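In this document, chain identifiers A, B and C correspond to the written order of the chains, with residue numbering beginning at 1 in each.
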Amino acid sequence: MNPEVIREYLPLYKEAFILTLRTGWIGILLAFAIGILVAFAIHFRVPVLSKIASVYVELFRNTPLLVQLFFIYFALPKIGLSIPAETCGAVGLGLLGGSYMAEGIRSGLDAVPVSQEESALALGLTKRQLFTYVVFPEAMSISIPAIVANVIFLLKETSVFSAISLMDLMFTAKDLIGLYYDTTEALVLLVVFYIIMLLPVSILGSIIEKRVRLRTLGG
Amino acid sequence: METILEIKNISKRYDDITVFEKISLTVKRGEVVVIVGPSGCGKSTLLRCINSLEDIQEGEILLDGVVINPTSKDLSQVREKIGMVFQSYDLFPHLTILQNLMLAPLKVKKADKKETKKEALELLDRVGLLSKKDSYPRQLSGGQKQRVAIVRALMMHPEILLFDEITAALDPEMVKEVLDVVLSLAREGRTMVIVTHEMQFARAAADRMVFIDGATIVEEGDAKEFFDDPKTDRLRKFLRSFSYD
Amino acid sequence: MGFEVLAKGNNAMRLLEGLGVAMRISLISVVISIVLGVILGVLVELKRPFIMAFFRVYLEIVRIMPQMVLLFIVYFGTTKALGLNLSAEAASIIVFSFWGAAEMADLVRGALGGIPVIQYESAASLGLTRIQTYRYVIVPQIVRRMIPLSINLITRMIKTTSLVMMIGIVEVLKVGQQIIEANRKSSPNAAFGIFATVFLLYFLACWPISQLAKYLEKKWEN
C-alpha cells in the first residue's frame, strides 16, 4: 500500500463520504416518515388508503433498490418527471425503506396487548390519549430492534447510488480503480469509510436492543 | 409388597448450594407417595434425580434393584420404565396429539403401529380427549395438554410415574380435571411419586406422605396420620399455611 | 410509453434470460449458504470460545459491509492480490454465499437455542435416545422454524443479484440497458417501458416466494 496514494485519494473519499451520508440519512428520515404513515393506514384499516399502502409495501419489499432507482432516474423522465440524481437517491431509499419501516412499526402496533388498551381505557383515558400516551410509545419500543436493523440495511443500500451516477463512495472507488489501477488503496479506503459509517450505528443498535430487551423483561 | 424404587442416602449440590442431604426413600409396587414441602425445598429436583435428568453427588438410586445414574449406558431403557410428567405440559409442538402419544412407543419400543394407535385412542377416550386426536398442542387448553402429557407417559407402560407439580401452571378450574385423571390412576394401583401443592388432592391420593424441608425429609408416614396428627412442629406450621382459620 | 420495444425481435426473451442469470446465481448461492450456514450454526452452538469469537467477527463484517463493497473486494481485490482472474459470476457466488452462510448460521443458532430445555428432557424421560430426540423432536421443530426464513433468504438473494451488473454480469438490468441503447433512435421512450418491465419481473419473481414464506410461517407457528 502506498501512503502517497492514500493521501491523494483521501479528499475525494471525504467528499464522497459526506454525499453518501447526507443522501443516506435524508433517505432514512424519509423512510421513517413514510413507514409511520403507512403503518397507521394499515393498522387502523383506513378505507382505500390501507389497500394502497399494502400494495406499496409488497411492491417495494419485493424489488431491489437498484431497479427502483433505475425506474425513478431513467424511466420517470420519459413521462415528464425529471429528478436530480441526489434527490432521486434519497427518494428511492426513502421509498424502499418506507416499506420495511412500515412492516416493523405495524407489527409493533399489532403487538401491543389489548389488555394494555383496556386498562388505560378503564383509567378514563380517551381513545386519542390512549393512542398517544400508551399504544404508540409501546409500539415504538417494541419496533426498535426492527427499526435499527432497517437503518443499518438502508445505510448499506446506499452503495448502489453510484449506479445513477451519484459520486458516492462506490463511484469514487470504481472510478479510481478504473483510472489508475491503485486497487488496494481504493478498496481499503472504501472499506474504512463504510466502517466509519456503519460500525457506530451497529454498536449503538446492539446497546439499544439490549436495553429494550431488559425493559420488557423487567415488565 | 416388593420394592420398586430405592433411594439410598442421596445428596445433591450445585457448587456450594446443598439442595438436599442424605435423603432415603423406598417406594413399593402399587404405592402412591406424595411429596410436599415449601417452594425451593428440592422436591422437584428429587424427582429429576430419580429420572437421571440431574446427577447426584452421593448415594445411589435403584430401580428394580438396578443402579441408575446419568452415565448409565442403558439410560434410555431405564427411563422407559419411569414415566414423568412436568409442570409445563411440554408436548411436542410440531406433532398432533396422536403423534405425540405414538412417537415414543413406535421409536423406542418399536411397538406395533396398529396396536399403539388403538391403545392411544382408548387412553385418550378415557381422559375425555378423543375428539382432539388430530389437533395440535397449541389448540388445547392447559388442562387438556396436561392430560395428554399424562397419557403420553402411560403409553410407555412405565412401572412408576413421576408427577412434578403438574397442576402448578394451570388455571384453577382446570386443576380438577387433571387431578381426577391422576386419582383414577391411583385407584388402579399404579405406582406413583407425586410432588404437589394441592393438599386436598394429596390427602385423597396418597398412601404415604413425605414432607421435605431444609434439605432433608422431616416427616413421613401414613396419609391420614400425616394430616390429622403431624409429629413435628415444622410440618404443623407448614400445614397451617394452607388453611385460613 | 416505450413498451413496444419488448415486441421487437427477441427483446422480451433476452430480458427473461437476464432474469434467469440472476435466478441461477441466487439459487446456487442459497444452496451453498444453507449447507455452510447449518454446519457453522451447529458449530457455534457448541459454544467453544474460539469459534464464538470468530463467528462474532464474521457476523459483524456481514452486518456492516454492503454486499456491493464485498463484491468489489472479491472481484477486483482477488485479481490484484492473488493474481487470480476470477470470473464475475464466481465472484458474486462467493460473496453471496459468504453473506448468506452468516445469516443462515445465525438463524440456525437462534433456532437451536430457542428450543426449550424441557423438550429435550421430556423426550429423554420417554426413553428416547439422544439421536432419536434430535431426529424426531428437535430437528423437525428447527426445520419448521428455518424453512420460512430460508425462503426469505432466497428472495433477498434474488433482489441482491441486481448488483452483479455493476461488476459486468449481463443480467436483466444490463440486458434492459442494452435494449434501451440499441433502440435509442426508434423508441426514445424505451427506458420507461423496459425499466417498468424489469421492476415487474423482479416483483413477480420475489412476491410469490415471500408469500409462501409468510404462509408457512403462519401455518407452523406454535
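The criterion applied here is as follows: a residue touches a chain if its C-beta (ideal position, glycine included) is under 8 Å from a C-beta of that chain, and two chains touch if they have at least 3 such contacts.
Being a predicted model, the structure only gives us computed values, none of them experimental.
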Q.
Closest chain to the protein's overall Cα mean, using per-chain Cα means, please.
A. C
**Q.** Chain pair bearing the highest count of C-beta contacts
**A.** A-C
(Q) I'd like the Å distance between the centres of chain A and chain C, where a centre is the mean of that chain's Cα atoms. (A) 20
Q. Could you state the distance in Å from the CA-based centre of chain B to that of chain C?
A. 48
Q. Using mean CA coordinates as chain centres, what's the chain A-chain B distance in Å?
A. 54
(Q) Going by the contact rule already set, what residues in chain C reach two or more other chains? (A) none
Q) Of all residues in chain A, which are in touch with two or more distinct other chains? A) none
Q) Hey, what residues on chain B touch two or more of the other chains? A) none
Q) Which of the residues in chain C come into contact with chain A in the complex? A) 1-2, 60, 63-69, 72-73, 76-77, 79-81, 155, 159-163, 165-166, 173, 176, 180, 188-189, 191-192, 194-196, 198-199, 202-203, 206-207, 210
(Q) Could you list, by residue number, the parts of chain B that touch chain C in their complex? (A) 51, 53, 76-77, 79-80, 82-84, 86, 88, 90, 92-95, 103-104, 107-109, 136-138, 149, 152-153, 156
Q) What does chain A use to touch chain C in their complex? A) 58-59, 61-64, 66-68, 70-71, 74-79, 152, 156-160, 162-163, 170, 173-174, 177, 183-184, 187, 190-191, 194-195, 198-199, 202
**Q.** Residues of chain C defined as touching chain B within the complex
**A.** 116, 118-119, 121-129, 132, 136-137, 140-141, 144, 220, 222
